[in-house]
Amino acid sequence: MDILNALVAFLNFVFIPGLAYGSQLALGALALTLVYAVLRFSNFAHGDTMAFGTMWVILITWLLQSVGITGGVLPTGLIALPFGIAITAAFVLATDRVVYRFYRTQKAAPIILVIVSTGIMFVMNGLTRVIIGPAEQNFADGARMILAPNDFKEWSGLAEGLALKQTTLITVIVAAICVAALFWFLQRTRTGKSMRAYSDNEDLALLSGINPERMVAITWIIATALAVIAGTLYGLDKSYRPFIYFQLLLPMAAAAVVGGLGSPLGAIAGGFIIAFSEVFVTYAWKKVVTYLVSADMAPEGLLQLLSTDYKFAVSFTILILVLLVMPTGIFKGK
Amino acid sequence: MNNRNLLMFAGVALLFVATGVFQSWNLSLQILIIGVLSSIMALGVNMQWGYAGLFSTGIMGSVALGGLAVVLVSGNPVPEGWAAGGPRLLVSLGFGVLLIAAAVYLYNRMAVGTARRTAMILLLGAGFFAYRAILDPAVTAIEAFNPATAGNIGGLGLPSLLSWPVGALFAGLAAWVIGKVALGLRSDYLAIATLGIAEIILAVMKNEDWLARGVKNIIDLPRPWPVPYEVDLQADPTFVAQAANWGFTSIEASTILVKLLYLVVFSAVLLVLIYFSERALNSPWGRMMRAIRDNEVSSAAMGKNIKSRHLQVFIIGSAVVGLAGAMLTSMEGQLTPSNYTPLRFTFLIWVMVIVGGSGNNWGAVLGGLLLGWLWLIVENAGPVAMGYLTMPLPDGVLKAHLIEAAPHLRLITLGAVLLLVLRFSPKGLLPEK
Amino acid sequence: MGEPFLIGDAMTGGYGASDILHDCTIAVERGEIAVIVGPNGAGKSTAMKAVFGMLSLRGGAVRLNGEDITKLSPQARVRKGMGFVPQTSNIFTTMTVEENLEMGAFIRTDEVADTMAQVYDLFPILKRKRHQAAGELSGGQRQQVAVGRALMTQPQVLMLDEPTAGVSPIVMDELFDRIIEVARTGISILMVEQNARQALEIADKGYVLVQGANRFTGTGAELLANPDVRRSFLGG
């Protein structure tokens, strides 16, 4: 019985990774859910918007580094982030003007908008591959570790190390700031309230004099900002690969649906539910259990429910269960 | 078919002729064969979307299952691997099926409430561990045998043609399960769910080495009758003499002959499928399908069982895609799971259907051929064109990068084509009648 | 006597190719209550929506305070001083009562606290529930929110499409009392009602529509006294 070591192993391999991944998913799911709430369709180009935006952040990071500007101990990517958001938001607003607006005035069926968004997905995916290529990129610089496993071992005298990457901490802090800012905006500002009103009841919002085009534009800007932030945090914390970002669409969509599509609070809860489920199911619990039971009872196998390659199965299963059991999600979306 | 349609097909034919004249006939044929296969897939998707209005983004999964069928039916047997764990594997899979059947049975029998929820969690939780306890030793045993070249259960070694209907069967079975769960969900939920299922099917194929060696790939799958191997032809004196007679080298002649044979076989399958889909579309069944698609509410009010109709067409459409997937793998002679990407095997097929004309079988064929051509030609011609475009640039990183990136231009091209068609000709090139 | 404050004059039009309204006239004087009644499918709501600009007219005109507003969009009419309470989906269900009122005042740039206080005075229950989501309220309270929301623009005329649909008789009486109170503050009321008798009892002016045309017009009392109206539309 070695509860302390078990706890440290749990924190190190399950809790901290789950927290970081959950924050990234939550931001991505928030963007998806906002677009759904206001524009009323599931945006299939969402993953590629993340990839596209993060690409600009990477390119600007390189540019800054080449002229000698860095973030010091912090990743340079954080300085590049606002520029990446601006470029991507401009692009997304242009796609809205050229593509989506036409279908909006036509009051096209949501499924048509979904198909249209796959067209945008192709274009953004292609642009990303042409500009930066499909290969993996690492752009995290600055201090790597806030807490190194060996330092922790020396300090605590435990056998298990506890690592805290700087990018993990940044992820959680930035995500918390974004969520707080978004909720302040939605709950306290006139524009935010009018956005909620528009999402709640479009016709009545029109009657009240709310300008729909303005709502749509603001939604795209906020959603794009969240997507690029989520993408940059994911890229800093793990690594950047356009295809992985496309695949993130599934867990993010699952998170948004689990929480209730259209509900910002739900998207955040959903993000953490999906992330922790994935980590729980794909983590090999052998180490933690070995600390907890007596030596002769130590498990032989890895105690891994599913190999990490099946993490998509986790978000998918949760998605299907929620859709079948409570289709409006935890926070009663639409 | 009216004149406009014939003109469209003539236009596409011209593209292939031009490719043959200006590039090479081998390339043109190659693209045409892929185009025909894509047309079959598009036909299957058209059944789901065009007839019934179901938006599934899991097409890649059906294609991959078709490919898997080829490996299991006509791949080389691995008797040692099978003996090591095959029977136990079957037991575990049978147990898994029974477990799910029991869960479904219980779910339907028990009253809604905590008792049912607890029973489900206990049954499925305990069942999962029991299943893994049976399965895992079998997998370890199979994968232990000669992992460098085998490590899988092997195939049955049967002729490749037989694997095609099995591919359709696999995809159809999967579609049945998926449809039972996901049909009836709102359209965008169905899209997300099917996208997930396709990723899971692919994850299984990449990671379950015992099944088809995962990312280590299976090679040397036999060719379907009656397509011969080029090396055999080149070793055949009468063929070499005949080729020389016509003024070809034996290499040229053999590669072209093989491609022509593939083209004939695949086209025959395509035509048979079109024949049956046209008949189905114009039958009472087809009219009912379209009635349901155009107005679900009133069709339901008229007593039509929408869910079971949807399930039916979802299964048939997926089976057609699975058939094409099997044909593709048996032509390529190898199964490479990492080649299955959603852009190529889900969304490209979608673009084909929409550009060709949703609800029109010939439209799906036209879209398949046209975009199949566009997809491969932009890949091939993109770098060339970029080479010309970047001529004035000095040699350097930028120029090299642009030329290297040029194949990806096809994604932008396709996205643009899809958006333009949706915007200006939403019914596609050959609109539904 | 000059022209009424708001008049939809000889309106002809409909949603599609066929007309629903035929030469239909609806008007309301300043500070008075006008009620549109009639059988199902008579075009009552359509007439009101036509006055509010939610369908395009092929003939006739709408004038507010003498100004021709026929070509204005509903949003523009809100800015001109018209408030509209739709029959259904007339509140923001996920937002609090207070937020509903704030959204009602969206087009105003001045201070809205006084108006909100007036609405709370009119509907005291709303003040107590002001931080509650409007969707959680009872049917009658939701209608109060809907009316309150429309009052936030300080309209000169308030248009209500079947405000008492689906509420209990007691709640209906209370709503009517409130509507009379609103009219006393000088706001004109134009209202479509299913409950013809009760509505005509509080009406200064009543319009009985049949098949999109005026059948009977008079003061509420006149119509209630008219034997034809009684027999055909008030159930004897």
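Note that the chains take the letters A, B and C in the order they are written out, and that residue 1 is the start of every chain.
Criterion: a contact is a pair of C-beta atoms (placed from the backbone, for glycine too) under 8 Å apart; a residue touches a chain by one contact, two chains touch by 3 or more.
Predicted, not measured: the structure shown is a model, and the values here were computed from it.
Visitor: Write down the chain pair with more C-beta contact pairs when A-B is set against A-C.
Guide: If we tally the contacting C-beta pairs, A-B comes out ahead.
Visitor: Can you tell me which chain is nearest the middle of the complex, judged by mean CA position?
Guide: Centre-most chain by C-alpha means: A.
Visitor: So, what's the distance in Å between the C-alpha centres of subunit C and subunit B?
Guide: Subunit B and subunit C have C-alpha centres separated by 59 Å.
Visitor: In whole angstrom, how far does the Cα centroid of subunit A sit from the Cα centroid of subunit B?
Guide: Centre separation, subunit A to subunit B: 30 Å.
Visitor: Would you mind pulling out the distance in Å between where the CA atoms of subunit A average out and where those of subunit C do?
Guide: Distance between chain centres: 47 Å.
Visitor: Can you tell me which positions in subunit A touch subunit C when the two form their complex?
Guide: Listed in rising order, the residues of subunit A that touch subunit C are 190, 193-194, 196-197, 200-201, 203-210.
Visitor: Once bound in the complex, which stretches of subunit C touch subunit A?
Guide: 74-75, 78-79, 84, 86, 89-95, 99, 102-104, 106-107, 149
Visitor: What does subunit B use to touch subunit A in their complex?
Guide: On the subunit B side, the touching residues are 53, 55, 57, 128, 136, 181-182, 185, 187-189, 191-193, 195-197, 199-200, 203-204, 206-207, 341-343, 347, 350-351, 354, 401, 404-406, 408-416, 418-419, 422-423.
Visitor: Within their complex, state which residues of subunit A touch subunit B.
Guide: Subunit A residues touching subunit B: 41-42, 44, 99, 102, 109-112, 114-116, 118-127, 129-131, 133-134, 243, 246-247, 249-250, 253-254, 257, 301, 305, 307, 309-310, 312-313, 315-316, 319-320, 323-324, 327.
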